[in-house]
Amino acid sequence: MDWINAIVQGTLLGGLYALFAAGLSLIFGVMRLVNIAHGDLIVLAAYVCLTVAVMLGLHPLVALGLVMPIMAALGYVLQRVILNRTMGGDILPPLLVTFGLSVILQNSLLMAYSADPQKLQAGALETMSIEIGPLAVGTLPLIVFATAVLVIAALQWMFYHTALGRAFRATSDRQDIAQLMGLNRSHVFGLAMALALAVTAIAGVFLGIKTSFDPSIGGSRLIFGFEAVIIGGLGNLWGTLAGGVILGISQTIGAKFHPGFQILAGHLVFLAIIAVRPRGLFPRVD
Amino acid sequence: MNNDLHISRATRLSTWSMVALAVIVIIMAAAPSWAGRAELRLFGEFFLYLSLATLWNFLAGYAGLVSVGQHAYVGLGGYAFFALTMLGGMHPYAAMPVVVVAGMLASSVVALLVFRLRGAYFAIGTWVVAEVFRLSFAQVSSLGGGSGKSLSLDIVRSLADGRAAREAASYWLALAVMVLVLAVVFVYLRSRQGVALTAIRDNELAAKSLGINIWRSKFIVYVLSGGLTTLIGALIFLQKLRISPDAAFSVNDWTAFVIFIVVIGGIGTLEGPIVGTLVYFLLRETLADLGTIYLIALGVVAILIMLKAPSGVWGLIRGRAGRELFPLSRRVCGLPDKGA
Amino acid sequence: MPDVLLSVDGLDAGYDDFQALFGVSMEVHPGEVIAVIGANGAGKTTLMRSVSGLIKNTGPQIRWKGQDIGALRADQIAHLGVALVPEGRLLFQSLSVEENLIIGGRTGRKGPWNLRRIYELFPILEERRNVSSTSLSGGQQQMVAIGRALMSNPELMMMDEISLGLAPVIIKSIYAALPGIVGEGLSAVVVEQDIAKALQVSSRVYCLQEGRVSLQGASQGISRDEISRAYFGV
């Protein structure tokens, strides 16, 4: 029973990881961009929510409605002003520039908010739970998981059934030729990043509600996100969800053996999977 | 008739540069006699960062292996050194070569895994490996677990007699490792292996069709870098006298800043990391008082260089003529001057 | 000047370290089909890419209806009514046949061409509309590429080597469709290695040789000798 509980908890945790990863999957899939600052952007979203919630006296999940457009706008500007100049075939320019952004973000947050851990207060939601059979399942983790499924379904629908999604896929296939169709490459990439950061806003707010955060935790969130994307396989959003769940379950089961083993277990499972399937489990794109 | 056409690697500039380098090394070797304690520490740090940058450039700029996880070996080196001396009872000097071997063994195993990955996957894979190292060492209680351990006084004292002598010993070790790293990379690049590497960097498919064994070339570079980075890690934590998982495996200190140094200086040349390390320490020493602003400035400079001058400061200095200080490229000599 | 749709005047163009075109001049009038011929590497594709904006130009060397378009982005030029069927088809792999066609209409320009008419022109495409564009034969892919360009309702269609890699019988059927395309006031530039075909469908021809215009004139009045000389530069 304990094991079933661990699996359920792991699955729900996977929802949070999938939210970390969804934005990353979008960016990596459309633009092949490795965004080292992604984790720090998740943390930034949590801080923005903190400030908005405190200033306007809002519940974090309500403040989210403001955080999303703020992060989306930030993403659009970031892409058009800086990141678009790094797009070429080489991995190094975007890697380096986003490393730079990561350092700038971490230290800016440090200056603005200090290193003290913060937390978003969601009230009763944090401790509520539901009885499902013999298990007590937290309400918040359930909401996070459900949100992850909704977000991925929405992104999936957007990708394959809207003009914007077509534009993303075409630009990702052949940047040059997409321009012949009247698509402004810079604008399309800007929109992709805006969308990704809007999703990242959701991830950041849930992160902030779930645990305490400080400017330095971005790196590990980035890794969890990338692990979920890579396990799932490039270009497959549902794969990213699966990747998140696999990671979550690996961690919770690892924790059952030994509490300090939780994160390590996730990494080891990740390495094992890519040792056998270097392109992930369900890759859709090369 | 051009009977005296010949291939030469040296130019006036590079010959004089090598002489100048030798002179500088000799002067720096004598530093314990003319420099103060704080300056010795600074120089030592400079040498170690230069070594890390040279190795990362070797890996990424020459072999095309963009690893974001070299900090795994820095931490490994630190922990291996602490373990060998404090738990294994080895003398610090004796532990050094063992540390190198440990690093080469570890990187061989890691290579078997991460070489299956390409591009971004490779980069993230190396970072995850570094995290695995960090989390694993955090579990080892005899090495201080999560909070870390200090180097015992006995070990420190066995370096040399007297504080000044110990500082000098530490310093000379750093200088020696820097010379070693530069020498190894230089010799490798001058060899046939080095030419093969450049060929791979320029066009992998063409290189393969010439019979160059891509996997083996990259493997050798990765293992050499790993082994030497591990040695550098040992020296870093010998200097710091204390190790903890977060400090040993800090991605910012031992990867991000190293990458900044290489890119600011100029990736893909031997001179670049030297210039980059100079810029890094210049920024650090002048802006140190401003705390986190210095780090933000570093990030901004790195981004600006990458966007505006992708071949780095050295790239700007060397110009289109391709001047080099280290005699690496071959050129044909004895051709009649072509006029304008 | 309503007389001249596209004018290229002394164009120097190329890539980073390499100049491919030297002082190329060309004109297209409304309703015309002109051919551009030349050996491999003569600069035909560079010319097409320059006009469509995929290669940046400086200076007033390319004019569309009198307006200097050299500095415009490719997507801006597409909105003006210049469409390119690129060499090698270059369809979007992640998109189905129909999606490739739909995205061709992204510019939103008004005109006679829509999905229904494209399917009338190339019925086989309607049968395979939801199939991935990569699983079509070469000839069918070429149809998609042409249809994709038509969907933008252009005033000028540039077709870069549409017969490349196709069987003669397929080439024939594609060129048979050309009058139906061009007839509606659409102008065209046809880049071809197949000289006979090029001369057959066009009213005027330009020959490029090592980046320069070596011959130009009415397609009907040129002898094979003249062409050989201009083509090979002897």
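Descriptive notes on the structure:
Here the chain labels run A, B and C in written order, and each chain numbers its own residues starting at 1.
Everything that follows uses one rule, which is that a residue touches a chain if its C-beta (ideal position, glycine included) is under 8 Å from a C-beta of that chain, and two chains touch if they have at least 3 such contacts.
On a predicted model such as this, the values are computed, not experimentally measured, just so you know.
If touching chains are joined by edges, the resulting network of the protein chains shown is an open path. Core chain by CA centroid proximity to the global CA centroid: A. Computed centre separation for the pair chain A/chain C is 43 angstrom, with centres defined by C-alpha atoms. Averaging C-alpha coordinates per chain places the centre of chain B 52 Å away from that of chain C. For the pair chain A and chain B, the distance between mean C-alpha positions equals 33 Å. The set of chain C residues that touch two or more partner chains is empty.
Residues of chain A touching chain B in their complex: 28, 32, 34, 36, 82, 85-86, 91-93, 95-97, 99-104, 106-108, 110-111, 219-220, 223, 226-227, 230, 260-261, 263-264, 267-268, 270-271, 274-275, 278-279. Remark: chain C residues 52-54, 73-75, 78-79, 83-84, 86, 90, 92-95, 99, 102-104, 106-108, 148-149, 152 touch chain A in the complex. Remark: chain B residues 60, 66, 68, 113, 116-121, 123-125, 127-129, 131-132, 135-136, 138-139, 251-252, 256, 259-260, 263, 267, 292-293, 295-296, 298-300, 302-303, 306-307, 310 touch chain A in the complex.
Residue ranges of chain A in contact with chain C, taken from their complex: 163, 166-167, 169-170, 172-174, 176-185, 285.
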